[in-house]
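Common to both upcoming complexes is chain A, partnered first by chain B, then by chain C.
What follows is the complex of A and B.
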């Protein structure tokens, strides 16, 4: 963060606060700042979501296409992440300037979604070995105010929750060709099961404790951050009756990454991962509640669409 | 040749508008905090974001002692069109659009005030449903106003088309603000970026062919559209400024 100057005393104040689990803006170490989330903002996409966390603004659109599955994974669909750093965020992203950051985020997301326990690709299968759905998850970074990974993973999960895939009937014709039958009704579609989709939590190491969602001041006190990707819990994304039928699953760590110049002691690392799991769980729960509430409003036609006009 | 089936016998267009009606325009200034000026504009289903950075010191290669260098970048989100786009920018169409944007906006900016400087204008199309260029120019004007860049006048863009007299349809009649369906139907599209207060035309572009007899009425309809848009933009700017003023008042008290 350029232009931010902190005196040693101020830094010490932040550091002491983190040690006592009470940060300078009143949050605890695993609390996020307030976020704004809206789904279904782009009508040309099958699913979309816009998330604003402090100064970070993310727009995600999901588009679907029919593709042939990989020969070594005949029963699975495909996911592709594409991150575009818009020059609106900062002039440095003009032309191909944002490509490096974009690639690192899309790789991180790809890795987090790779596990079958994170996202079940079987639900994208149309006809085993012949046809499957390919989801293009396009992430547009409109404003860049730090904590990108967390915001992107939340927006992607919300967009996938909002995604509708048309019902397709597939039949094998002679000659090995596939005959696809699509319904005339555009509302004849299914929702994806995204409950277990992973969330990324960035933990910023300050002293020997870690904090999530650091403010600019806190970021300047830290030299290394850890990104932990954990699988979600399907129970948070369905009604209470359905949740009772689901088996209990513990969230699992699906990816870990590190950013920054510093280093971490093994003990701190272990604590940090545990803290990341906890933060992800409360985040997952809050996201599930928000998305279910929005869907309910949508069904009862009470939803007011804001987009960027608010 | 003007397309024949763009107007119904009742004189309504494919999306139910009358020939001289714009699509609904909704806009907001100051969507983002980091750029010096930003705006969001919706014209029907076309949705555009614009951000302005500057004026700041120009990079060595672009520096001009005559006046400010206007740097534009047009980019389309990969999910903005019906079919997914592979690249958000860098293709031929985006580069052409960037050039046209610069052409229209340089005409409006008082470039001579900032020699050796540069203004960056970035537009991002979130959803394209015809008339993306017009929406971009209008959004960029709002963003420039919010950034406090001195302008000669608002620069507004509008498109117009021509419906021929067909069997059972009312016509010939020029159509204002062409949507995607009408563009795809193959009619002529005349895009005009103008400074309505002075009446100057900053950019004019036409696709397909049009009989010279019709040119004047199509152009005047497009210019009428520019004037209508100017009123809307002006009101948005005034509303935004009034809002900002009251907020500041509260802060000082």
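What follows is the complex of A and C.
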């Protein structure tokens, strides 16, 4: 990440804090900083969310478009991720500076959502082999305060939870072409089933321990960080009665990525994945609760958008 | 063993305002007309356009007789001679170090204005110019005093006293320079067992109290670097750090008294990580403000 300069003694202090399981702001190695979430912040997007984790600020917008499915996957829709690093975040992002980071994050997200157990692309199908929905997920990084991957994945899941896809009213077959008529009413729309959408957990290896949710200072102390993508649990995203009907699913690891120059021993890797799964579970639960609470608040329509003001 | 995760909604956002005055001061935004009258003088943070005096920064108005200034809430540090600053060495150059001090321009620390470790007198030779990196290298944090201000506003620092110099173990907290209260002394050994340096430039250094004194440290730099900080010291430091963050969120002035009050108020929360919660932060700054008001009345 961004080149933050630290003195050797400061690094030593952080390292020993991690060893002691007591970080410089009092968190233990598996604690997250408090986050703030708001969905439906961009009025002209199908779904949007803004997540703030300490100083990291992420805005996600989802745009829907009709597309033809890939010939080899006729029944599936499409997802496309695009990450934009705003130069407001750090001066290094100016020009093409943030491109590499943006590409690595969007590739990571693409890989994490690739699995059919992570996100069911069938729900984006309109006519098998002919037409499907394509979701453009635009991620804007407004401020960097460490732990970008986790924040991005949480914000994307929240935005997808908020996404409304219009119902198809009628379809006209004209030879090979299909003419769709979409419903004009914004509330005549379906919500996506995103319960199992993956979350990314970054585990930063500092010394020989791994920490979740590293601050920017901690990130610059570690030589390698592991990103573990795990599938979510739909139970956290529906009411309790519905949750009882759902089968029990264990979250699975859908992708692993590594950032940095260092290396990890096989045992550390295994432990880290386990730790990532644990962390993702509590993240998933907290996100589900927050999203359901927000939906409860604005049952019919959104009263107030807080956004960036207040 | 599951981690602590809390996600709150924007609608549950906490308002950190703890102002006890009936009416908070009028806040001007850039471009806002302050006055249309001609007989005022244009001070810092203002400009004239269309025969009106307008604010060029976001902040509050200060009026001295006919001079109108706007003091910005957030700004870069504007140095004054004698200020204590905490800065980070960015570059080692010919006979000087470039130091980042949160000002508009990087400050310089001349080789001629440092005391070498051990109080040794410096000989002006090519050798000691080559030894500069041994003394302070890129990334090192230092505490220093502003020696002079150049015409372009950049600062020249000096560390010609035993209390200034390289900082070893601890954490740095960055706050707005406008929140730092100017005091006679900016080096404090808090009664809770933590030493803090409140830099005028908004950089606050928190470190465990050094029992042996500074002299020891300079003799043997390497051993101090490797020394581990005890768990209780670490906890107190984290608590002080979170208390400062709480005070900053409520835009309260920082000095040793307010930090110590906040620390004492925070003791009712057992776990240090609880202090990261916005409600707790507000509670602490509210109680601190209350205690400060009580003192002012007495």
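Basically, the second predicted complex is superposed on the first by the 270 of 310 C-alpha atoms of A that agree within 3 Å, B and C clash if a C-alpha of one lies under 4 Å from a C-alpha of the other, contacts with A are read in each partner's own complex, and residues count from 1 in each chain.
The rule is short, and it goes like this: a contact is a pair of C-beta atoms (placed from the backbone, for glycine too) under 8 Å apart; a residue touches a chain by one contact, two chains touch by 3 or more.
Please read these numbers as outputs of a predicted model, since none were measured by experiment.
K.L.:
By the touch definition at the top of the document, which applies to A:43: first (chain B), second (chain C), both, or neither?
P.N.:
In the superposition, A:43 touches chain B alone.
K.L.:
On the A-aligned overlay, A:65 touches which partner chain: chain B = first, chain C = second, or both, or neither?
P.N.:
After superposing on A, A:65 lies in contact with chain B but is clear of chain C.
K.L.:
Counting only touches as set out at the top, which of chain B and chain C does A:136 meet: first, second, both, neither?
P.N.:
first
K.L.:
In the superposed arrangement, does A:279 touch chain B (first), chain C (second), both or neither?
P.N.:
In the superposition, A:279 contacts chain C only.
K.L.:
On chain A, which partner touches more residues: chain B or chain C?
P.N.:
C
K.L.:
Based on the superposed arrangement, let me know which partner A:145 touches: chain B (first), chain C (second), both, or neither?
P.N.:
first
K.L.:
Using the superposition described at the top, list the residues of chain A that contact chain B and also contact chain C.
P.N.:
Shared contact residues on chain A: 307, 310.
K.L.:
Help me check something: in the complex, which residues belonging to chain A touch chain C?
P.N.:
Contact set of chain A toward chain C: 5-10, 12-13, 16-17, 20, 22-28, 30-38, 50, 154, 212, 278-279, 281-283, 285-287, 289-290, 293-294, 297, 304, 306-307, 310.
K.L.:
Chain A touches which residues of chain B in the complex?
P.N.:
Within the complex, chain B touches chain A at residues 26-28, 31-35, 38, 40, 42, 45, 47, 49-51, 53, 71, 73, 75, 77-82, 84, 88-90, 120, 122, 124, 126-128.
K.L.:
Report the residues of chain C in contact with chain A in the complex, numbered from low to high.
P.N.:
Residue list for chain C touching chain A: 1-11, 13, 88, 90, 138-141, 167-172, 225-226, 228-229, 231, 234-235, 237-239, 241-242, 245, 271-273, 275-278.
K.L.:
Can you list the chain A residues touching chain B in their complex?
P.N.:
42-45, 48, 55, 57, 59, 61-63, 65, 82, 84, 86-91, 94-96, 136, 138, 140, 142-145, 307-310
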